[in-house]
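Labels for the chains are A, B, C and D, by order of writing; each one numbers its residues from 1.
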Amino acid sequence: MIYLYLTLLLPLAGTLLLALIGQQRTAGWVNLLFTIATFAASVRLALEVFAQGVLLSPGKLFYVDAFNVYLILLNALVGMTTAIFSGPYMAHELKIGRVDAGRMRLYHAMYQGFLLTMLVALSTNNLGVLWVAVEGATLATVLLVSLYRTPKSIEAGWKYFILCGVGIAQALFGTVLVYFAAERVLPGSDEALLWSVLHQRAGEMDPAVLTLAFVFLLIGYGTKVGLVPLHNWLPDAHSEGPTPMSAILSGLLLNIALYALVRFKMLIDPAIGTNLAGSMMMGFGLLSFTVAGLLLHRQQDVKRLFSYSSIEHMGLMTFAFGLGGPMATFGALLHMIVHSLTKSALFVTVGHVSHVAGSQSIEKIRGLIHTQPVIGWCFLIATVALAGFPPFGIFASEFLLFTATMKSSPWLVIPLLSGLAVAFAGLFRHMQRMVYGDAPEGQVAVKANMWPVILHLLLVLWLGISIPAVLVDWLDQATIMVVGKGVL
Amino acid sequence: MILSGLPLAEQVILTLASLILFTSFLLLAQSRLFGLINTFAWQGVLLFLATIMMAATYDRHHLYISAALTLGLKVFFIPWQLRRMVVRLDIFRQVETVVGGSLLVMIGAGVLVLFSYYVVLPIRELALLSIRNTIAVSLAVILIGMLMIITRRKAVAQVIGFMSMENGLFFSAIVSTSGMPMVVELGVAFDVLVAAILFGIFFFQIRAGIGSLDVDHLNRLREGDQ
Amino acid sequence: MALHLAILAVLASLASALAPIPFHRSHRLLKGLAFLLLAISGIAAVTGGFLALFAEKPAELLLPVGLPWLHCHLRLDPLAGFFLAIIGLITLVVSLYGPTYVREYQGGPQPLLVLTLFTGLFVGGMYLLVLAADAFSFMASWEIMSVSSYFLVAFQHQHAKNRAAAFLYLLMAQVGGLCILLAYGVLAAFGDGFTFAAMASAQLDSSWSTIAFLLAFVGFGMKAGVVPLHVWLPQAHPVAPSHISALMSGVMLKVAVYGFIRFTYFLLGDILWQWGVLTLFIGSASALLGVLYALMQHDLKRLLAYHSVENIGIIYMGLGLSMIFAGSALPGLATLGLIAALYHCLNHAVFKSLLFLGAGAIIHQSHEHDLEQMGGLIRRMPVTAVCFLVGCISISALPPFNGFVSEWLTFQAALQGSALQGGVLSSLIPLAAAVLALTGALAAACFVKVYGIAFLGLPRSRHARKARIPQPAMLTAQGILAALCLVLGILPTWTVGVLNRIARDLLGHGLPEATAHGWLWLTPMDPRQASYGAPLTLLGIGLACLLAYLLLHPRKQTPIRTGAAWDCGFGPLSPRMQYTATAFSMPLRRVFRPVWSVSEGLEDTGTGRAYRLKIGDWAWLKVYQPLGALLLAAARRVTLIQGGNIRAYLAYSFFTLLFLLWVIV
Amino acid sequence: MIGWLLAISQALLFLLAAPLMAGWVKWLKCRLQNRKGPPPWQPYRDLAKLFGKEVVLAETASPVFRVAPYMVFSVTALAGSVVPLLTVGLPTSAIADVIVLIGFFALARFFLALAGMDVGTAFGGMGSSREMTISSLAEPALLLAVFTLAMTVASTNLSTVIAHLATEPPQLYPSFIFAALAMALVAVAETGRVPIDNPATHLELTMTHEAMILEYSSRHLALMEWAAMMKLLLYGVLLANLFIPWGVGLTFTPAAVGWGLLAITAKLFFLGIILAVTETSLAKMRLFRVPQYLSLAFILSLIGLLSHVILER
């Protein structure tokens, strides 16, 4: 239990401390130290959960089970590796004058604050607190998106703020409706928003209210997931903020919104009895997947490119969760991990790439392999992994997903596969021009620490070749929770 | 539903609900920024009254805290802050026009109210209070708030629309379930507070970066051939 | 034992990818280590493959990697063994050839390590693919093969052409891979599991099995390069380094055929004759169009790539015939078709690799890809010329070399069409045979052109004049393959005997008659029906030559008088007066004009006017380009939703909300 | 053993008879054109003269140029040895069925065309290009015609086919008429006779065969010429023995062989007459009319095949 609190308190302490000293030159290191400590705590937490099973805090405020423990671990890990990248990256930004000391303080404090809100969102048992945390995550990052104070970044920040604010407000309404339905089942109880309680009684709630609630939840959290047509904030926010933020946004925040959505789906499915929620998620998933795939073809900014790819992958996961069934769900859960790892690795690489080329514009990035082979190859390999080629983990999860689709609704496979091909073409047509060929005059290598990227890619490779037993166990338990049946 | 069959408290709540809905319409129609802010503050007052009403009727003590928060945030702090902004940004003279013509928007809002009622119809009425109808009203407030954000060009007006959505949400929580658990209430209030502050920061950023608070000028980030 | 050797092959190839990484500073060490390990893997694979061909029962193994509930199943049966041996053989030869050939890339813009790394992965992926006995490991190794070969195609990425080719290649590989995945998905859905054993036992109704078949057909056809899925092939093969082209063309396409056979014969099992008709039709189209397109090329490697399309077509024709017979309950004839196809797989692997290695030698020496710039190379590189000639004769299906035997067997299978009940089918099948005959004749025309233009005549460019004899290792590699062409051509009985084991494993039926009359006579059905004495053919030709030589050659050795070639009295001949490759194929271009999109005319070159000829591929112009345009148009439309106006964005979410509310009520 | 002896002697006979056939047609043509032509045995004299001459090679010729005549000659000779001339059932006929035979022709042609391209003159390349074009169009027609027979008898073995047709009671196969016509057309094209090519000219713009061997002299030229004559005889024998199989010896008894010799002589005699008459009455056609000619052959053989499938099964 202590480790759970540590996992949450460390980022809190980090936020407060860095709010004071964030402008110092050592702040990057302090940031890193806090993330390392958080990661260590989360590892101990995971071991504890592995040994003892589900963990419920005394006040029933926190609840760690197989579904969120690995996400907590993933969060802490990506938070740490991104912090490794963040230090030198932001130092470079400071040096070239894109940010000043005050903003560095904001940045570092909010980095920790962001991690805190995400960890709270994952570990909380209270659905209301979940909402508060997700909204908090928006608020923590909104100023980071406009950190550079360029007209574009301000615009992106404003859009992010308004669209997500309006969206997430719908989720609150949905939560209120769930609470309303739960109150009737558990009258006068203070526990009507506790997931651990509701999950037991889900079948008894009023289906009409829950259906209504799910629509709002879907719109609300769906906005944060980046489902088309609620996604418009996403490419802007991801492309204009500092790159470490993009890595975390894309790699983690989207996952958390999806996590919230799935938690609610788990409550709503038994009550409604039909697969209405699932169908809606499938529809949104497929639409996002297709549209994002097409949009990839028209990108001119490398970070926008990868944020659309995030939409695409989130669409795929949403589709999979909507599809239901053990295999698709297992695939989607696995996809959450591998996508996070790959995508954050890619954004970290993109950060280095933009330093090499001095620009985020795809037109200006050329000959990376020539100038700096390690960056070029990491970039290329990470994209290959992202496109779902084996032996990387994304292949495994997509394999599961497609075969599951083939089994339950074969005709949907056609748009799914054509979408995948379209998206792949969209990624690679840009990719090739950036990494291959001759470098432009005067392009020189930069100092880059690629170990976070390599670590992520190795993890993804490992997950593609063989998934460790403990993870399989968790994923399977989570699958059982989500759809009632495991794959093993 | 026969009004006379209801206890007085509930009659008062229903009246407040209709008044809140009315303020939403007013917000939609207002073209002066100060007018908007004032109307918004009045909506907060109504919300505050409704909360007190619920707290007294059902003896929910934690609702008094909510009521206090509402009073502090929605009636005093946010309107005060917005007013200060408007003055400092020197935009209080500007007239805010409604995109698409205010009559059309009003009709649209009316349709939204009907739609909200239609949407909540399937909910079975179990509780004593005519909750379903108040939920319909709060849903209508939310939707109208959204409509307002869509039809207003000025960032400040959008913020007020957003906050009025929040009011609708809050109202629904109050009337349907007598308020959320305390921890959630506090969290939501904290989020609203932070959001209000952030909005203020953003006004200055937008003003500095783009030169106008007209959100239609925020169109640098788009796809296609630029 | 066989399986252990196969695993050793996989490990050695992976080691050849990874082991040299620490030594990448030293070219010598890097090359030595990488190619040595590759050679070891080749030897292991050939040995393992052979052992598997003669093994009593298939070897199986379960590796604890892969998905948690689906560990990696490996299985080595005769079919897998056969293809394993093919891969190993070509790998072995390539590892002989490679060290010298890659010298060209030393000190180039791309590190050699990239080449060796992905070569190792590529070969390893192919080994693993034929061993895989569950859908997941099959797909994983399939994609490893695709991706690593993509990197090999993109190796010299400083040229925009190479990048475009690599992109197209990977895209089509991806689409094909997805189709295969789906095909497995269908089987798994019915067969309750992803292991091949579970899938093979699946009971499908004919419509679902047809769907699965079609998906597999497209998926494997995409990689094998059948018309109209072939467009990546003539772009990707020419731009890869030549020894890689040999591997890609000689082996990777075969691996696709392997997948197709494995899927159709082993996993689907109950074959419908309609599938055979489709396969036969597509095969015929590929064979004919492949050779016709090849005829019009004058980039040597591109030409060879189109010939791969042709030969894959021939293999598919054999398979199609076999499937028609299998679907008509004639297992004996089905066996004949299958053996013809398998035999051609082996032959094509050998002679196409030989030709690519030869082309590589030419390019290595003259740095010319264009036939029009070659000429007279037989004098500069005689050994290569001889080996290349053997390759040309083999690929043109002329006796007594190997290409002929497999085409002959295909003809024999086609002639058995009269055994079928349906009159339409039995009259269509001989038509396919006529197409095969046309293909063979055109291939001969094409290789007369290639050999005549490249090796004979006078050098057409300075580069061609400066070519020299390649290094011995390269020549040895070519020599081995040329010898194999001859051996496989004159010992068909032995080869068919080996292939029989595969057929018996897949169809439960062999060709007992084929080898029943001793090693001299190949008699597929019955000696009275058809027979071919390949060793005697060679002997006959040899004897006749010898006799003629002995009888006619003067006893006294006087030097032969030489003089200028006849010039019609217009003065000395110059190399520019020779027939060109374009001119050579002109009559056929006129005859088959609608087959290509031909645009010709005169253009100003600045110094004068020159003849310009552009040959376009209809499949590319009419299918792929419009598809690409459609995609881009759709993308352009879709970008409208990201128009920049925040109010519009909010309206989206507003109306989505209303829509969903409306839906649920 | 007797079979092998007979086979070898038949092959020798074939070699020796080939010039006579060519001479016979030439003589007949001259007669038909009101000329007093060389005697039918003139080709023997020509060959003998050529064998005695000194070889002169082009400076630019490569070894391929010198190997080609031997290859062309020996492959054609091998082809001759597997075709039943006098009797069926010879051991050599098992070496090659009709498809292999076509393969032999193709192999010979391959070297011939290479030789044409070797020296590097425009003539040679042109001849090779045309030869390969014509043959690639002719081959499918030939094969389809052969298939009609093969499907009737269910065998591609020439010996089996001829024996089967000769022994069964005489019947009229409609398909054979078309197949025979198609094969005759192909034979004309493949042996370079009028209207495809004119064997009597050396410098004409449409020539094919002669252009390829333009640079040859002496014994090389002789081998090439001899091979061409053998090819003519081969096609004649094929046409004669496949479509008019009667008279071919079915056993190895001297009587049978004798009858076979007589029969084939008579058949070839008449074939020569037909060939000479057609060659005299037709003019050579333009090169780009040749595809039409060959597609006629293809259609004939296709009709033959179809009528076999539809009418005779």
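Throughout what follows, a contact is a pair of C-beta atoms (placed from the backbone, for glycine too) under 8 Å apart; a residue touches a chain by one contact, two chains touch by 3 or more.
Every value quoted in this text rests on a predicted model; they were computed, and no experiment measured them.
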Via touching chains, subunit C connects to subunit D in a minimum step count of 1
Most central chain by CA mean? C
Far-end chain from subunit A, centres as C-alpha averages: D
How big is the gap, in whole Å, between where the Cα atoms of subunit B centre and where those of subunit D centre? 100
Distance in whole angstrom between the CA centres of subunit A and subunit B is 31
I'd like the Å distance between the centres of subunit A and subunit C, where a centre is the mean of that chain's Cα atoms. 43
Approximately how many whole Å separate the CA-defined centres of subunit B and subunit C? 69
Residue ranges of subunit A touching at least 2 other chains are 158-159, 162, 166, 170, 211-212, 235, 295, 298
What positions in subunit C touch 2 or more of the other chains? 636, 639, 642, 646, 650, 657, 661
Expected list for subunit D, residues touching two or more other chains, is none
All pairs of touching chains, each written as two labels joined by a dash: A-B, A-C, B-C, C-D
Given the complex, residues on subunit C that touch subunit D span 375-376, 378-379, 382, 389, 393, 396-399, 404, 408, 411-412, 415, 417-418, 423, 426-427, 430-431, 433-435, 437-438, 440-442, 444-445, 447-449, 451-453, 455-458, 521, 527-533, 536-537, 540-545, 547-549, 552, 560-567, 573, 575, 577-579, 583-588, 590-591
Mind listing the subunit A positions that touch subunit B in their complex? 61, 126, 128-129, 131-133, 135-136, 139, 142-143, 146, 149-152, 154-159, 161-162, 165-166, 169-170, 172-173, 176-177, 179-180, 183-184, 190, 192-193, 206, 208-209, 211-212, 235-236, 239-240, 295, 298-300
In their shared complex, subunit C is touched by residues of subunit B numbered 99, 115, 118-119, 121-122, 143, 146-147, 149-153, 215-216, 218-224
Mind pulling up the subunit D residues that touch subunit C in the complex? 51, 54-64, 70-71, 73-75, 77-78, 81, 94-97, 99-100, 102-104, 106-107, 109-110, 113-114, 116-126, 128-130, 132-133, 135-144, 147, 150-151, 154-157, 160, 214-215, 219, 223, 287-288, 291, 298, 302, 305-306, 309-310, 313
For the complex, which residues does subunit B have touching subunit A? 119-120, 122-124, 126-127, 131, 135, 138-139, 142, 146, 149, 155, 158, 162, 165-166, 168-169, 172-173, 176-177, 180-181, 183-184, 187-188, 190-191, 194-195, 198-199, 201-202, 205-206, 208-210, 215, 218-221, 223-224, 226
